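When the chains are written out, they are named A, B and C in that same order, and each has its own residue count from 1.
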């Protein structure tokens, strides 16, 4: 796999400017953080003005963002196509739901437990699944997803099975739409920053190196298997947090949160946005959530629309929509900067 | 290459937008002089028949009521969104119906889990929710709220009614087949314990728990055949039940054992002349066993749609009638007022007189049980009853104290 | 004693349709290295098209038999069409791209089916002459199931003969072994790919045609068939047709015996089997490592 991690080239004419260039260069280098900040501001502004339903959709979009970015740690950065991340998503949601229903435990405890339990279970699943590669790995993760779904459905004495768990499982304060939204946004933002730190760390760089050339990394003496299992655990932890957050706007948990359709969502979102960009899944998740909610109101054929969109992206724009957008912006910016128009306009 | 990819991405986005805008079923909005009734129910998926048939009945009720002037001066209109039986989708859809389309009442659902999802939102937004399908006992206990009304015999009541009848029968060797979700387990466990309470000690020669959505019942049928039971009690619904029966028929299973099935009228209409004779069936609204009002409804239904109604059109029709009468009595569409009116007095519906008890909003409704005749009735195209019973269920409801103990505080 | 025979026949009957689905999946993986998530869709389309034919021509008579023969061909053409229009563009790319392309096709096919046939159940009558049952040692066994077993055995033999004795078959086996070398020898690998896809889809369509009279045809059939088919293919060994046969027999027997002895574990058993197989021996029972 020779995938670029950074899909944008710097504007070349910028070297000649004195103020504009450094600004642009800074934006490019820190574009991920910039994008996240922009998105957070937009969300907050929208959220504080929106009504209850709009906020719930926004909450779900943010939860999908976290879910997708966590999945993309494996998919884009690690080269591991896991179709089973819903295992941990559902786990987080059920920890909160069953903690409330069966144990009468406080929400905060379950929220903190979610990443811990998620990491533990992910280590177990990953230890088995990562002994295989590529399609076999993907198939095993798919099987795990369906297995968890079946187990949760069957163990109805504990999990209430197919009925799901519904009820006031979150603190009263969070049931208020705006407070709930702020909470979800806050936790998502923190988790995204943590994930960004992981990706930029030596661990993260080794992960992409393994993706690009597994054998070479192995000859360097690094235990590739252990590295990948650790990445799987980290991803699982954050997927669990996303699942726990799911209970805030929805106050529900049901077995379908474990199945392969749910597992496919973050993969689709990542591919839509662009798997080789950190913020790619962010865009993809928003498109997926809003697109689906919008489509469902007008037509029952949203599956067709998304199938076509996914196909188009996969075949024609493998960098994803954001990757294509960056390329477009980069090209126009370069053209703009090297055209000299701005200099003639008096800018320095 | 790059230009092509960006163009493609833009084109793809347009597909999504266009598909969204040029959709086939835009959601109705209430015009002046109209109120919307929300129906979050599955019209696709394993239990699609419930939604499709029930909606027909509901629409007939809406048309009849509008012809007489509507309710409180407003015309009624149905707003339905398909959830394919998924609780997740039902949740989103119900919320959309309540907040975007401002429905004044909710009706449903095709599964107990979607009913629970809708119930939660109905309680949150204080919209009356009249359940005419989806009868899990949890709906009136664990997840209960006072805006939810159950018009079907619950999974507490129905198996007790069946056990009441089976206690009079001479069978000893029982086999049970229950779908492997709480509905199936509740039905089977309640049936067996009720039999014991009625003084019959069943000899359970085997139990099967197929996963919901199983399509191949060969292995289960083989196991049943090997055990040679006298009676097979099933707790399957929808396409699961249909598949099981079609496949079991080929193994001639029901020449040696008697079979007990729920949603009998669905099955009889689906299988027609190949309905196995001598089958014990039960149902909440088989028109051919009910009074003249129901039979008249059936004739109207038949002349309109060309087929005879299962229980669902009657259940849906009655549900709309009940809500309409309650709203008229309350002279308002406000959820709290209507909810109060729902428990105040009995309603006359196409299913007969019906009233809710206040402690859990469960309607006192009978279970109709019959044994299929040996040949199909020439008028209807499916076998009617050789013997039948109407079990009134007044002794089969959960004691109020128990129900209230389980309800959320 | 008698019910041992019944158990064996019932297992064979279950195994038959599993084999037809899994053989297509394994063929695609072996020859083209494609994991086809849309394979269940081919099965579903076979069933739906037959249902339409049955509704149009009635359940009796020779038209239904013609449909039974024609529908797999139609689905085969559909498969080849998918290969030409979609899959060809993914061959040079990431494995994930292929997987996602077939995943997208799964959604597209599912929705097209809703548009074409709606959401309600469809039903196909058992063809005239195949109804009724045979009494085997005081227990009844459906004639139609015997028919399914017979057809599947015939198809399996034909497939084995195709792979063993025809040039086309050798080319497929060579593609499984070493596609690059095959291209070097001047074989039209592209066209081979299209034909293999058509063959796999045709097998799936045949499976759909055979299961249509036995169960209701409704949305969701694609997903349930896909999962079962994949598990069988993986257990038998992705890439090996005889593995698909062995896997089908194992799973068929396991399901029948499981229902007999441990009904409570039935639904989780197949996933556990698949995970276990992939962990212990990823190449499956008869696959090549």
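One rule holds for everything that comes next: a residue touches a chain if its C-beta (ideal position, glycine included) is under 8 Å from a C-beta of that chain, and two chains touch if they have at least 3 such contacts.
Quantities reported herein were computed from a predicted structural model and do not represent experimental measurements.
Sorting all chain pairs by how many C-beta pairs they have in contact places A-B at the top. Ranking all chains by how far their C-alpha centres lie from the centre of subunit B, first place goes to A. Subunit A and subunit B, compared by their mean Cα positions, are separated by 38 Å.
The distance from the centre of subunit B to the centre of subunit C, each centre being the mean of the chain's C-alpha atoms, comes to 35 Å.
Residues of subunit B in contact with at least two other chains: 44, 82, 180, 211. Across the assembly, subunit C contributes residues 114, 267 that each touch 2 or more other chains.
Among all residues of subunit A, those that touch two or more other chains are 150, 154, 300-301, 304, 306, 308, 315, 318. The part of subunit A that touches subunit C in the complex is made up of residues 1, 75, 81, 128, 131-132, 134-136, 138-140, 143-144, 146-147, 150-151, 154, 264, 267-268, 271, 300-301, 303-304, 306-308, 310-311, 314-315, 318. Considering their complex, residues 51-53, 56, 150, 153-154, 156, 160-164, 166-168, 250-252, 254, 256-257, 287, 291, 293-302, 304-306, 308-309, 312-313, 315-319, 321, 324-325, 327-328, 331 of subunit A touch subunit B.
In the complex of the two chains, the subunit B residues touching subunit C come out as 43-46, 48-49, 52, 82, 84, 180, 206-211, 213, 215-216, 218-223, 225-226, 239, 242-243, 246-247, 250-253, 255, 270. Across the interface of their complex, subunit A is touched by residues 2, 4-6, 8-9, 11-13, 15-16, 19-27, 44, 81-82, 86-89, 91-93, 95-96, 99-100, 111-113, 116-117, 119-120, 136, 138, 143, 180-183, 185, 211-212, 408 of subunit B. Touching subunit A in their complex are the following residues of subunit C: 29, 35, 86, 89-90, 93-97, 99-101, 103-108, 110-112, 114-115, 227, 230-231, 234, 238, 267-268, 271-272, 274-275, 278-279, 282.
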